[in-house]
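Each of the next two complexes has subunit A plus one more chain, namely subunit B in the first and subunit C in the second.
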Partner chain A sequence: MTATATKPTTGRSLPDLPERAQWRATLAIAHKELDDAVRSRWFWMWAIAFALLAGVLASVALPGSRIAGSASFGRTAASLVALVQVIVPLMGLTLGAQSIAAQRESGALRFLLSHPVNRTEAFWGFHLGLSAALLAAASAGFGAAGIVTAIRSGGAQAGAFLRITLLAWILVIAMLGVGMFISAFTRRASSALGVAVFVWLAFVFLGDLGLMGTAVATRMPVDALFFATVANPIEAFRLAALGSFVGSLDILGPAGTYAVDALGPALMPVIVGVLVLWMILPSVGAWIRFRTSKDV
Partner chain B sequence: MIHIEELTKRYGSLTVLDRFSLDVAEAEAVALWGPNGAGKTTVVRCILGLAGYEGTVHVGGLDAASRGKAVRSHIGYVAQELSFYDDMAVVDVLDFSASLRRIDTGRVDELIDTFRLGDHRRKRIAELSGGLKQRLALASALIPDPPILLLDEPTSSLDAHSREEAIELFEHLRDEGRTILLTTHHMEEMGMLVDRVVAMESGRIVTECAPAELADQLGLRVWLHILLDADSTAKARAALAADGFDARLNAAGIVVEVPAQRKGEALKVLYRAGVEIEDLEVWS
Partner chain C sequence: MDRPAIETRGLSHAYGSVVALHDVDLQIPPGRVGLVGANGAGKTTLIRILLGMLTPTRGTAEVFGLDTRAYELEVRARVGYMPEGNCLPPDQTAADFLIYAAALGGLPSRAARQRASDVLTLVGLEEERFRPLGGFSTGMKQRTKLAQAIVHDPELVFLDEPTAGLDPEGREEMLELISRLGSFGIDVLVSSHVLGDIERTCDWVVMLEGGRVLRSGPLASLVDVDTVEVDLIDDPEPLIAVLVAAGAAVERSGTRLLVTADGKDPFLLVRDALADTGTGIRSMGPRSTSLEDVFLAVEGSR
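Let's look at the complex of A and B:
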């Protein structure tokens, strides 16, 4: 039976509010996310581990640097790039993967969205707050390495060091976006975390070894090999970072030589552009999914 | 104040709400009553935009689908599952809620006093009891001093004393002229709080009436668990059977099935038969 329970309504109209996203709500949510991250043991574990490893690598790579000059900085930078390409993506992916799914699972998302807040404000609030937390954690690592480098070899390579730092920031936000993309599609935080770890493995190891294996097995042309490599955000970071302090990608063998020949001065902008696309597209995809999903 | 028309909600092939329509007038208190799975909570979630739906929902003349922020700015909501951010302190949750509503934090202090949360201001949410969480949920819902309250099973996690306190508070809020939509499966709460009951089952309205009429309209029955001296049970069962009651033996007495609105009749039979009752419980 479908009945209608009706009682005449009184005609009072309630005041309207603009429906568009407003910065104030986004900032309030970002502030809360940042506070949450800073309270979290995970955040401190990542920040301290990264700072310690970066500081130790810089110390180990710089003995006698006053004599060796830029070659020693090259060792430090190469060590830092190797560290960043393993740890920073994992930081971004895991924090991003837990963001929406964990709040959805605990019911906190329902509490938040029962306020006069729209989903765009909520999503970008999460993103902004987590980005700030991750940038702080990444900066702690680079700060430790930077202090050691500055003390032991002076500020001669400060520009290259800052460029690597900036690329690491882009990488961590790109990985946060990928993590949030996973989170927007997953109902359980543990599932999101599992997928994030798998994606990390795919980017870090399968992307590298898998690509080499595929290239050998299929006799992949050198141009395809280069573009397949660059499509991986971690590889793009590595190439951009190496290029920023070595000055040329010839050291990367045939693919590097091909890239330098084919793209010339556009090479670095192309690689950095790929990283920037990774920073934007997954985040936008996650936002669209979150905004259009019907049920919280 | 709340106008719902042909509201339908499906999860895959499962229809949770089926062309549900309801009007709630300004300052009216209405209860959605029904068993678990009847669709009560889904109605509340649709009003708040927490669930997608077919049909229309208007609150104070505003379309809940396209003016969700505006609608929510006029609503105080207490959820069935009290979920906040577990690592946040009580005062931080209220400050956050106030900041999202652009309300001065002075209001937070006022509500902390009203709900006697002062001793718990700095406690983490995870450390709070069910009763304290409930008070926090109500304090948060009342931050904007909303004209409309959506209370989803608001006493479900409370002990008897806290429940009594909560009902007193709801009566006060109702008397202030707020529009209240309450979901519950407690008959006694409805009797005290609401003007009208909408009984639901499987996403549809079964009946609509005053709270006192619901049990009769639905033919609801309850069980009286009557504790007796062991020697009196046979006499009690015989007296009740003679008056048409079905009384069964129980470890500590007898259990009698009666219409919900006529519990007294079974007791009168026992009184007339001279059976002394030691204690009584009502099971619904």
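Let's look at the complex of A and C:
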């Protein structure tokens, strides 16, 4: 409300808009987003594909579990991490990229903002609903893998399994935020989707192969290589996940050894902190852009 | 005018170099108001500013005395909006969509369900409430859009081209519904380029053209021009001469005359002139000027 706001001149009292009612609108938007996502073919395609692949990977990786025990779980976990690295970011990015731009394009955003709902409530309603949908889809995959793992190797590695699940949840919300950031700056849903796929390729492939090539070509110092790696949210997830069930990052070679030596016990909190920052910053950036945008 | 429902002062808005509204000053009373103008006249821009969805480049807008920039949520809590374009999710049922709209309006869950049911009955969609909106006809979609605009019990509702795309029967039903809104204590602002619709449903008219206000006033004062239409059997010339001598303006088209007289009753002038000249007539009566005539005349005079 601006300082120069015109005072109401009617005798009518202002309508009551208590905080509870505003949360009601946010929850209503979140509920609708979740419903829409669950009705969408894409949601089921991702959820089923992820669950099938995770279940198959767990089955294939565990045949020697009665003999090898935790080593077998290590194979399962490594396979799951590799799967999550590819699929989960794509899920979050594409769903997020289509959120605001598609609503703007279809006129749904204009409809929404014609009600007593402000842009902040609308944005966090979208975010909450899509987060719930993505967590459900990701959980379906981990549920399938978890059931297979529990049946074949018992519950000995349940803690490590849950930690990887939690990290995957953080990754998918981070990628949703990046997708929504793209969407907030894009007018058309198809353009947003194109940019999201490019960003996914950059994170998954260029961030890995590109970084390796750059490191060799420029003789990048090991500390710079480590921090450049960790700055990529997918790599941060991989390092955090591997660290959570292997216990050390020495297996990653010189960069891993450097990280262990340089950061010591702070290593895992730093990596997880990077992931958490990726979860927060793009979402907040998207919110600020959406809040200040004049487009309806 | 006691207290305007809508008031704008020096309101201007531009999309880049394109000026959509130019220095619009309006005072619109409560009731049924028509906002007329060709496509691109600035009607939708004005509505979006009044809803607080657009920030004007210059000037102020108030709805019920509330500045639309400072009190956008309060304004939208008291105003409903039926957009022109399609905003209906095809997979959602009419009932779910209305419950969602009611929840956005701040109604608790149970009240939202009850209100959605009541409003769907009001617009004649109670039998269709569990059907997905994607399968609705254009008329049913328009009625659903009207229903969502009034589901939170607003005091004023903005209807943007409510009869667009409707067949004659659907149009009649929509106009009937709009006319009935007043009996529920809901004021209406109808934006349309179909002047006949405005004439049938509104009692105040705002004419926009090129982002400027051409006219704003009661419908009766705009369309009730005192003109007498006379169809003659005999030669019109003697009658015309007498009427002109008496200070009337006469427009002739074959045996038909249109007679107007500033400050005098044209009926009395025609009656006296007919008696003086002994001219025979086929018919005589008032010629009511349609809103379209007024619009074209005002637009043409600019």
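The rule we apply is simple: the second predicted complex is superposed on the first by the 275 of 296 C-alpha atoms of A that agree within 3 Å, B and C clash if a C-alpha of one lies under 4 Å from a C-alpha of the other, contacts with A are read in each partner's own complex, and residues count from 1 in each chain.
Note that in this section a residue touches a chain if its C-beta (ideal position, glycine included) is under 8 Å from a C-beta of that chain, and two chains touch if they have at least 3 such contacts.
Just so it is clear, the structure is predicted and the values come from calculations on it, not from any experiment.
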Practice problem: Look at A:115 in the shared chain and tell me whether it touches subunit B only, subunit C only, both, or neither; answer first, second, both or neither. | Solution: both
Quiz item: With the two structures laid over each other on chain A, which partner does A:36 touch: subunit B (first), subunit C (second), both, or neither?
Solution: both
Practice problem: With the two complexes superposed on chain A, say which partner A:296 touches: subunit B (first), subunit C (second), both, or neither. | Solution: both
Exercise. Kindly classify A:187 by the partners it touches after superposition: subunit B alone (first), subunit C alone (second), both, or neither?
Key: neither
Quiz item: Common interface residues of subunit A with subunit B and subunit C?
Solution: 1-2, 4-6, 8-10, 12, 14-15, 17, 24-25, 28-29, 32, 35-36, 39, 106-108, 110-118, 294, 296
Self-check item: subunit C-touching residues of subunit A, taken from the complex the two chains share
Solution: 1-2, 4-6, 8-10, 12, 14-15, 17, 21-22, 24-25, 28-29, 32, 35-36, 39, 106-108, 110-118, 294, 296
Quiz item: Along subunit B, where are the residues that touch subunit A in the complex?
Solution: 1-3, 18-26, 28, 45, 48-52, 59-62, 66-75, 77, 79, 81, 83-88, 92, 96-97, 99-102, 147, 196, 198, 204-208
Quiz prompt | Interface residues, subunit A side, partner subunit B - complex | solution = 1-19, 24-25, 28-29, 32, 35-36, 39-40, 106-108, 110-118, 294-296
Quiz item: Inside the complex, what are the residues of subunit C that reach subunit A?
Solution: 3, 48, 51, 53-55, 60, 62, 64-67, 69-74, 76-78, 81, 83, 85-87, 89, 91-92, 100-101, 103-106, 108, 148, 152
